[in-house]
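Please find the structures below.
Common to both upcoming complexes is chain A, partnered first by chain B, then by chain C.
And then the complex of A and B:
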């Protein structure tokens, strides 16, 4: 590999389920910038069954667009860069072929099994099922389920070190009885990681050693008040590279090409978000809404969490959003009426033909209404998962662990959130940035002062891997090219009867221009403020409203502009839309018009 | 570049079909290469490992886990009958005897001195795979099954429910526009695969089940009716395992949509012929579409040279698959290379489509059309 200080051209690919995306990062002057992007269909499935074909196609397109020759006559990536040829570094992520699919098991669902789930999710996997002794299933039902699943890998946790019970061995025996088979590759043994009670290692080896490819790591709950996820996460990553990737078509070849380990796409997205939040000392939430799944990432203080809502998405899973949220919840975001039979058919037609896009304004409004519910549900799941016990090696008191069972408060506190980052088609490709901003605000309901941004061309996975090889390049590109800053949302927490004053504020724009305003409960206001510009805001909430320091306490802050600007949202937190249909439609129309979400014609029905 | 890569569904009259008919686990293949096979003829069979039950012997007998191996009357690999005593221990100076019995008939798979659990495995369950289509065995996959080959008509649907079935084709609707309602169905259609036009109603599908009709093929179906028929809202489109008494194949989509005339004509031409159908649908990576296969009768006609359509060109027949012209068929009038602004505000590459009855060609995102593959 080219020495770090000599790197000038970086090629990065992300092999998604349907598309392989390639980007080119080059040193322009003194800084790294993302300069070009190419893409091609992923080629994991028949008839190609070789992921590298898609990579080469995407790189070829990138080469054509950038005018840089990246492949030699034999179709190899040219390294190092010479003049207008080649690159110095090539890296890749992958979620093709369904990504990394795991099953986890533990003794108690809310304790060791949950820790195992956290370890698996943090390593970028999809958790197909969580097996626990108290999961309300009978043993034979668990066995049936394990047989059906065919995961890529199983992680078993259970009991604290030295515990003198046999529960973790029981779970292990259940798994052995099911004799699970791996999803890919008929001829190899399923990788199983044991991260439970140290004193049961011999028993577990006796039960599973002959049937699976068993590896043993440190207990991820060595004591009740301690959670040590790193060893299990690292082993998952190693096994992903050693076993799973080797079985996926073409990956053995791809692994030889790259200059850094291939990472599962979500693990890479998590890595970049964590780095950026930690470096800036802020709390951040990122969301990636895809066709089949929605990933939510959060970094609060030192704590990183990730959840995958496996069946919430905008195409393959759109029908499931309707099933889970209910039609009424989707319809509450619609500024006009539609007939149920027609709506249901439209949703199913999107599911069976997932690549279609809304042509009419009416279809766009409806699709974004569904997206609000998908995002809301995914975030709810995330908040309830991101509780006290998490992250890498943390000391807690015994009292804390009892708290967990008592439904502890989520770590994701909306008032403390500084940055909310959107990615995924429906958010990144919304025709107007105001739509992305409004989707984020309606679904996540940020409180206090929150910056809103979107990932311009879904570059976060590439930058996640890059951050582990060339941190400076990753951070520079993230700030300059990856993030499109939408602006800032100011939203006081609290509610009041519509029409009562909620917030009085004074805005000092760059150049000295001032604006004073009082917003009533139920009102929204948008103030244009350019990207890169800052404004000073003096906020004086009414006595029932809180912007962070307490109810009715004034606050003075500097806010950042963006493609949308500053949005002041006094609709209240929690947000409740008018229950009466005509009133609700009127309210939606007013907000839509104020923020500039849709054209007037789009909502005239 | 005049191509757009929108995959269409196959509707072909003369297709060389291959289907892999494999067992889920290794077993015995019972036909030979080259053999002619009927749809319901078994080609491979095996035994699935039996149901597993775990008996907590230590708890049942009130003994320590480590004492369980010593108390066992049966050892690993032994056969047991349901209710048979498998372990016995004496306590209180031999006055009391505690026993544990087998909860199922089968074999003792494992005995644990750590957990005090005994794993029993029930008798293996036979499982068979049939040929599914009237065909010839092209290849035997040792211990797994066969690949069968047949030449015939293939019609892929867009969505289906229910698994594999066979039956003679019976045209119930007289045009691709006609709705298949309950009045269209009568008792003489038992065991048939009935074909409707633009829609099958929920009531008709329920009546089909009552009449013992094997399959229903129609242009459209309402999601509200699907929900009623399945008893739940279908969240994720992975189907084929439903056991509701009939297999449904929807060729065009949800709602009332005229069946593509070519599809309708092909089915009509095969009225009375035996079809093999499968409603299994998976709209995910590794997409699976439902299908109607009608193997050619008698001598196998030679394939006609037919250029395979790779992309969309001026003159290609396409179907618009999203509102506002959802379901309309037309021909490509032009393929502008520059992206255009849509009513939704997005910019996208578009195609201009001439649709019968609409006058001027309409402009549609390329993502919203599909090529109707195969020509007459």
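And then the complex of A and C:
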């Protein structure tokens, strides 16, 4: 590999389920910038069954667009870069063929099984099922499920170190009885990772050693008070490369090409988000809404969490969004009436023709209404997953007499959120940036001061891998080219009767221009503020509203502009739309017009 | 200076003598108590007669003695009239006596004797009879509130049965039972359940055993270990049945062992010593205290806290609650202990009655608040209309 300081041209690919995306990062002046992008269909499935063909096609397109020769006559990536030829570094991620699919098992669902799920999700896998002693299934049902799913890998956790019980061995015996076979490659043993009670390792080896490729790592929960995820995550990553990738069509060849380990796409997205948040010392949430699944990532303090909502998506899973959210919840975002039959038909059409995109303004409004609910539900799932460890003794004082929470408070606190990043077709490719901003605000309901951004061309996976090799390049490209800053949302927490004053503020724009205004409860206002520009805001919330320091406490902050600018949202948190249909439609139209979400014609029905 | 002193002595000592001599003159007999009446005491089951008279104007009356004699009545017309029997004596100024051991349907004669230092005078004889009333009008509000509560209970049961979701706020302690049992499972240690130190006649013990059923079912599902030391033999027998039933319902009858529920001693501190010994030896991961507790509450909860167990307590003993709150992870306070069964089962009948009772309590609280405010304001302002509200609440117009 070219020495780090000599790297000038970087080629990165992401092999997705349907398309393989290639980007070119080059050193322009003294900084790294993403310059070109190419795309080609993924070739994992028959008749090609070789992922590298898709990679080569994408890279060829990239070469044509950039005018840079990236492949030699034999179809190999030219390295290192020489003049207008080749690249210094080639990296790749993969989610082709369904990505890394895992099953996890633990003793208690909310304790060791949840820790195992967290470890697997953090390593970028899709968790197909969670087996636990209290999952209310009989042993034969668990065995049947394991045989049906055929995961790429199984992670077993259970019991604290030194526990005098055999529960984890029972779980292991169930897995052994299922005699699981891997999804890919008939000739090799299924990788199983044991990350449970240290004193049961011999028993587990006796039960599973002969049937699977067993590896043993540190206990995920050595005591119930601590969770150690790193060893298990690293082992998952190693096994992903050693076993899973080796069996996937063409990946053995691809692994020889790359200069850094191939990572599962979600793991790479999580890695870049975590790096950026940690470097800037901020709390961030990222969302990637796809056709079948929605991934939510959060970094709060040192805690990184990722969830995959497997049944919430905008094409294959769109029917499920409607089923889970309910038609009424989707309809509440519609600024005009539509027939239920019409809506259902549109949803089913989207499901059976997943690649279609809205052709009319009406369709776009409807699709974005569904997206709001999909995002809202995915985020709810994420917040309920990202909680403190369960099973830990609480320390109380007499002051807690009437405030004994059951310990389910989420680590994702909206008031502490600094950056909200959107990714995925419906968000990244929305016709107007205002639509993306409004989708994020309506679904996530940020509180206080929150920056909004979107991933311009779904570059985060590439940058995630790059951050492991060349952190500076990854951060520079992330900030300059990957993120399209939409602006800042100012939203006080609290509610009041519509029409009562909610927030008085004074804006000092660059150049000395000032604006002073009082917003009433239920109102929104958008102030254009260019990308890169900053404005000083003096905020004075009414006594029922809180912007972070406390109810009614004034605040002075600097906000950043973007393609949308500054949005002041005084609709209240929690947000409740008017229950009367006519009132709700009026309110929606007012907000849409104020923020500039849709054209006037689009909502005039 | 000697003359004024002598005068003072004369006034202080010698001058009162003729007055004292005058008091020792022959006494005039007091006039007998007038206006004597024997009235049936209202709103009772017919066992009391009130005798009333007017205080004698004679200044020398020292006491009034009330006498009664039983007359032949409707129930026993052949019974002879009994001699006068003293019911008791009251001081001057008193004008009534309640004869509270009268027999229903028997007529009694009464007379009141006014007594001075050396003479007495009998009042005229009056007769009276005690009768039972169908309604105790003093308890009118209890009838109203009871009826209202019943109506709301029926209403909410109906609503719940028809599928209306009745909101019952979360009880953190019960939500945490799964977590507490999970901890024991992951750590391979037992769950200790203490159902208080009272017997089966205590409603808190009953509530505790209801919760034992729920906890045992969860323990059976998790295949964890349960240990229930008890201090009463009847509680042991009942507890065993409850746990056995829970294991059956969880589909794990083979895991049930009757030694899970075992007797220690009836003696309060002997029992505490026994349980604390168990806690220190076995180091359970979870301790649950549900029932009636006294001085042992802190001894148990502190020991549990020291061994690092998750602890959930529930009691309706107000004096013990602070100790449990400070030493335990979660505490079910008072009513929460009794509401637990409805909360856990989700049974429409139990939920409906819980909700109905809550509404009843709300009405009572509202009435107490209204009465207190009205009475206070009536006193301050002297307002007639406020006083009539107070009278209404005090049932002055009915009684």
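Some points to look at:
We adopt the following convention: the second predicted complex is superposed on the first by the 587 of 605 C-alpha atoms of A that agree within 3 Å, B and C clash if a C-alpha of one lies under 4 Å from a C-alpha of the other, contacts with A are read in each partner's own complex, and residues count from 1 in each chain.
Just so we're on the same page, a residue touches a chain if its C-beta (ideal position, glycine included) is under 8 Å from a C-beta of that chain, and two chains touch if they have at least 3 such contacts.
Keep in mind it's a predicted model, so treat the numbers as computed, not measured.
In the overlay built on the shared chain, the residue A:261 is in contact with neither chain B nor chain C. Once the two complexes are laid over each other on the shared chain, residue contacts for A:530 go to neither chain B nor chain C.
In the superposition on chain A, A:61 contacts neither chain B nor chain C. Applying the stated contact rule after C-alpha superposition, one finds that A:50 touches neither chain B nor chain C. Contact with chain C, but none with chain B, is seen for A:159 once the two complexes are overlaid on the shared chain. In the superposed pair of complexes, A:133 makes contact with chain C only, with no contact to chain B.
Legend: residue contacts after superposition of the two complexes on their common chain; A:224 is shown touching chain C, with no touch to chain B. Once chain A of one complex is fitted onto chain A of the other, the partner contacts of A:108 are limited to chain C, with no touch recorded for chain B. When the shared chain is aligned, no partner comes close enough to touch A:593: not chain B, not chain C.
Counted by residues of chain A touched, the larger count belongs to B, out of chain B and chain C. By the touch rule above, chain A contacts chain B in their complex via residues 17-18, 41, 44-45, 96-98, 139-140, 143, 166, 169-170, 173-174, 176-179, 200, 203, 207, 292, 311, 316-317, 319-320, 322-324, 340-342, 344-364, 429, 431-432, 599, 602. Residues 107-108, 110-112, 133-134, 136, 158-160, 163-165, 167, 221, 224, 390-391, 393-394, 396-398, 400-401, 404-408 of chain A touch chain C in their complex. On the chain C side of its complex with chain A, the touching residues are 170, 172-173, 175-176, 178-180, 182-183, 185-189, 221-223, 308-310, 321-322, 325-331, 333.
For chain B in complex with chain A, the residues that touch the partner chain are 5-6, 49, 51-54, 65, 109-110, 112, 114-117, 119, 121, 158-159, 222-224, 226-227, 232-237, 253-255, 281, 283-286, 321-324, 326, 342-348, 364-365, 367-368, 370.
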